[in-house]
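What follows is a set of structures to go through.
In the two complexes that follow, chain A is the common piece, with chain B as its partner first and chain C second.
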Partner chain A sequence: MDMSQYRELFLSETREHINNLNQLVVTLEQEPDNREIIDALFREAHSIKGMAATMGFDRMAQLSHHLEDMLDGFRTTGEVPSPSVDYLLAGIDLLDGLLDDLQSNQPERAIDSFMICASKEELTPIAGILQDTPEEVQTIVAIEEAPEEFQTTVAIEEAPEEFQATVAIEEEVTPLTKAAPESDAFQVLVELAENTPAAAARGILILRELEKSGELMSSNPDMTALRSGTPCHQIQAWLRTSLTKIHIEEALLRISGVAKVRFIDDRRKDENSIRDEGDRTVRVRTGLLDQFVNLTGELITNRYMLNTATSARDWDKLTQTLSQTSRLIDDLHHHVLQARLMPLENITGRLPRIIRDLSRKSDKKVALRLIGAGVGIDRAILEELTDPLVHLVRNAVDHGIEKEGTVTVSARREKDLVLIEVADDGKGMNPEHLRQKAVDRGLMTAPQAVSLCDRDALMLVCQPGFSTAETVTETSGRGVGMDVVKEAVSSLGGTLEIISAPGQGARFQMRLPLSIAIIKILLVSCAGHPLAIPITRVQRTLDLSTSEIHYSGQKRVFHLGEEVVSLYSLTETLGLPEVAAGETTWVVLTEVHGRRVGLQVDHFLGQREAFVKRLGFPLNLLPGLSGATVEGNGHVVFIIDPQPLLEDRQLFSND
Partner chain B sequence: MALRVMVVDDALFMRNMLKDIFVRAGYEVVVEAENGEVALGLYQEFKPDLVTMDIVMPKKSGIEALQEIIASDPDACVVMVSALGQDSLVLEAVESGAKDFIVKPFKADNVLGIVRRITGQA
Partner chain C sequence: MALTLIFTLEEEVYGLEIDAIQEIIEEPALHYVPRAEGVLTGAINFHGQVLAVIDLPTLLGFPGRERDHRQVVLTPEFKSLVLTVSNIQRIVKLDLTTLQPPPENTQGRAIRGVAELDEMMVKLLDTDEIINQLENQYGE
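Showing the complex of A and B:
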């Protein structure tokens, strides 16, 4: 039976079970005699065992069986000795590691050293073992905290013998990539159509074609085997080439008898690249699927009505049907988005464990509060959000909280946005201190620093290379990585804001769009070019008469109530030719680093929904262009992101 | 300029069929041969861009003809035409320098696909 079709489902479900295990163990630690938790843990381990065994992933099955046995022992005695918790967690980490291996198509890592550690003295006296080798547990916990690239390295240190193999493979791969940095090494899998005649001869032609495309490093079957007439149904080949995969795939598919060409990436590249969305599965309520079917059915009916109305030239009917169609499409859009929404708890599930490990390590007593973990957010955004969120939580424990406190992670909807906040009740941040630091670090001059408002001063921690931690701890130094957090949030079309004052804790707020594929935009025009600004970036629009605009030095400003707002011309910022100003100036009010900014445009063209296409190279290198969309008339309209476009001018302008 | 083709096959039926396929695709069938020996002489005379070569033929087999053509013109574009169950002969031909092979019974698309690939013509 072909199990590969179940692989994705297995991976996602097992990941969920592992998350549950982590959460349950942390709870167990607080309530060591809660039988229900032990039972639940047992069931989770049991489920993983069953699935892994069915899939033929032996080590994972073996390890989960081992954990299951141990939990069964606890069920009998009714209590869990506290050192066992560490051991359980180490086991769960190892399960997680095994799953990572499977996900990236690697052989399962060794589990022997972990298993030996337990079997040496059976289950109950685990305490003794752990006390004997405290470093081991320490290292295992550190896996969770080390940045991803180091996971393997840490693992290797734990169990030298078993991991020799892994090390050897890495060494084999490294010189390849180093030798020719511009060429890619990857595995090509060429499948022949069923019953291809003279398959061996076909195989030789395929290898010849591959030889033409680059350096054929090895293949299975190889040329010698094919020459001796070995029949083949597929050819696996390692190829190093500077040609694109599409190019190679095309060439191979043109060979008669070639049914399918697949590429398996070099492991290193795999780890860095974004996971392939195409193969992933998502579970959808059947009710939602029914909605899709209903809406599709109605749309089909509508198409016939449109046909009828068009051929009868019945304009009233046509208009009416068109408005129905657009309502149906809105509905469909809404439901499709629903299918992509995943609750935030998918990524907050890891937090209790992280907090537990961090507070142990830093010797602080930290509680975690989760609010609104059920809020849904687009899965693409959610995935990119994991690292920033974990980073903010780490920062909160490391720098916010002093001896004892609470980290609160909360989420709520704000119209088209989701607000995710990481708050701590620690010592808070001192803007004055931050200004001083920025000057000391040579990031700005003293007068520049003084001119920053408190809000902007807090944002200084997001400057690359800015760290206010006097001693950078093992986990994080504030500022280390905050630039990465901000960058990540910004690339998702969101904003990051920091609210803090000395003695009042700190709140890091991420505002993110619900979906990234389809957004509402405001269409404007500049120097005759239509341009789009995401509605999430627009606070409001204004029309100012010329007399309302004043000069402050070289800078144009206007008053909005009490506030003095800087005004920039979008036309000029983009380097387009300026059009002579009329009586009225049209302004889009937006926000850069929590400060309101006016963006002058020539005209407003309207508001609509747009399907965002990502920009390819080299357009993606231009700051301020976040994508493009296609208008009804086929014209391409660029989507402007005011924040990166204006932020340098805004924060550090000398005038 | 149209691709110039030579068709080598001992059966007139096969020659006509291949000829029709090529002519309809806009190629020019410059000459035909009914065995390997004739084919060799005509190849030198016409220097076609492409040769389709039956494998089993009287006098001189397709493989011998192929080997001699390749010996005199290593870049010669020769496509073998074989029947089912001649895998080892096909293998030998490919090893001897045949650019590709067609297995009978074939379809026009099949033949043209192979020709386009090896001649690099769209």
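Showing the complex of A and C:
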């Protein structure tokens, strides 16, 4: 039985179990005699063991079995001695490492040293070594080779019910890495005769034939590509079948246009191709799927109503049905986006463990509060957010909290955005220090620094190479700085803001779009060309009268409250011919490297939602273009990112 | 024998293998690309995909402004680039086994070789080289 289809499910579920283990152990440390937590830990380890054994991942099964045994022992005694907590955590780290190996298609790392430590049953001294250096232990462990002949003793019936339900469909279990003995996997190369008419159609016939003869694992081009009419001259396919090659060759040669059939045997490649195949998965509630089905059903009904109304030329009916259709499409769109959403807890799950380790290393007492971990975010955004979030939390412990304090990670919806905040109640940031540091570092002149408002001064920490810590600490390291966090947030179409004052803690707020495929844009025009700016990049729009614009040297500026804001012309930045200035100047207020700037445009054309099309080569290489959208009339409008555009311009003017 | 689309540029005959062509389209609406310059003249909406339009005569170093109203969309293998060409002639069969190396004076012009056809010398375009040149020009 081919288990590859369960691989993604396995990876994501196991990751979840490991997350839970980490969280539970941290809680256990605070309540060492809480039976319920010990039971929960046992169940998590048991689940991993069952799943890993089913998938044929022997070492993971062995290790989780070992952890499970240990936890079972604690269940009997009713408490967990504190050295064992470190040992447990080291074991969980090793599990995590094994999972990384499996995810990246590497062989599982060795676990022998860890297991040997355990068998001596001298947990205390070992735990002492393990305490703060799980990484080191892993490197030592990795050198040794585990015996290959290790046999898993775990039978499939031990798999947790929810997993078993999916695998129980077939009885025979074959580990992913071994081909089933009675079937053989190989690559088939089918070449079409030159100038074969309707090559794509023949390709489809070939794939159908291959599907009939066994299990078609993958092909290039695949069915979808062929259906869309991709021309092909040869088809590469991976096939697992019990039929003989001669048999398959004969069947394929019967299809007209097939010139040649070749077979390539290569087991290793075969495994890779299965493993590369896996698409990333997202779990969808069945209720949501039902809604898809219902909505699609309604849309189908609507289509017939539209047909009828059109042939009857019943305008009232037509208008009415059209508005119904558009409501249904909105609804469908909303639900499709829902399906991509994953709760934030997918990445906050790691935080309790991180805080625990950080507290120990830095010898501070830090508590973690999580608020709104259930808020859903597009999975693509969530994945990119993991590192910035961890970095902010580390920063909070390292640079914010002095001896004792709380780090609060909270998330909430704000209209079309998600606000994720990492706050600490530590010593806060001093804008005056930051200004001074910027001058010391030669990033700006003293008068420039003075002209920065506090809000902008705080954002100085996001400048590459800027650091407020006097010494580089082990935990934050400062190698990856706030500039990386800022970049990551920007590349997702979000913004970063810092709110802090001396003695009042610090709040790092990331505002992110809910989904990246569909965004709200502001349409503007320059020299007659429409352009789109993501709303997340627009702080506000302004209309300035000529008298409000002043000159500071060559630069145009205007006042916004206390602040002096530079004004640039988007038309000029794009190298388009300038239109003579009228009475009113239309300005988009945006942000470049933490500083507000005004971007003058010819007209505002309004706001709308846009489906972002990714740019192909070489459009994707142009600075300042983040995508394009196609308007109702088929016109292509490019989405611009003001920051790189203006950066380019500044480079230009400095030359 | 390879089916090849031939077109003329001033006095020279150029060929583009049919295998590299996805579609030939009539006068698509050309849309403005911010900051586009050089051989990148705009973008078109091709069945909902946004594709870059490359001016082939300019890329090959011809100053003339004469262009065909049709444009050539390359296959996804060649990034679905849209090429503006001049004077599309017809599709011919070229014998690629007799392909000669490109003449000295055409180096850097993205020509794979020269084939003879009815006493005409057809310069066969090198699509990979076109992409290389674009990468060099726009990447950094």
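Note that the second predicted complex is superposed on the first by the 412 of 655 C-alpha atoms of A that agree within 3 Å, B and C clash if a C-alpha of one lies under 4 Å from a C-alpha of the other, contacts with A are read in each partner's own complex, and residues count from 1 in each chain.
By definition in this document, a residue touches a chain if its C-beta (ideal position, glycine included) is under 8 Å from a C-beta of that chain, and two chains touch if they have at least 3 such contacts.
This structure is a prediction, so every number in the text was calculated from the model and none was measured.
Of the two partner chains, neither chain B nor chain C is touched by A:606. Judged by the touch definition given at the top, the superposed model places A:464 against neither chain B nor chain C.
Contact with chain C, but none with chain B, is seen for A:625 once the two complexes are overlaid on the shared chain. When the shared chain is aligned, no partner comes close enough to touch A:78: not chain B, not chain C. Counting residues of chain A touched by each partner, chain B versus chain C, the larger count belongs to C. Of the two partner chains, chain B is the only one touched by A:254; chain C is not. In the superposition on chain A, contact is made by A:200 with chain B only, not with chain C.
Overlap of the chain B and chain C interfaces on chain A: none, as no residue is touched by both. Contacts from chain C toward chain A in the complex involve residues 1, 3, 19, 22, 29, 31-37, 40, 43-45, 48-52, 75-76, 79-81, 131, 134-135, 137-139.
Within the complex formed with chain C, the residues of chain A that make contact are 194-195, 230-231, 233, 529, 531, 574-575, 613, 615-619, 621-625, 628, 630, 634-638, 640, 645.
By the touch criterion stated above, chain B contacts chain A in their complex at residues 82, 84, 86-88, 90-91, 93-95, 100-103, 110, 113-114, 116-117. Across the complex, chain A meets chain B through its residues 197-201, 204-205, 226-227, 229, 254-256.
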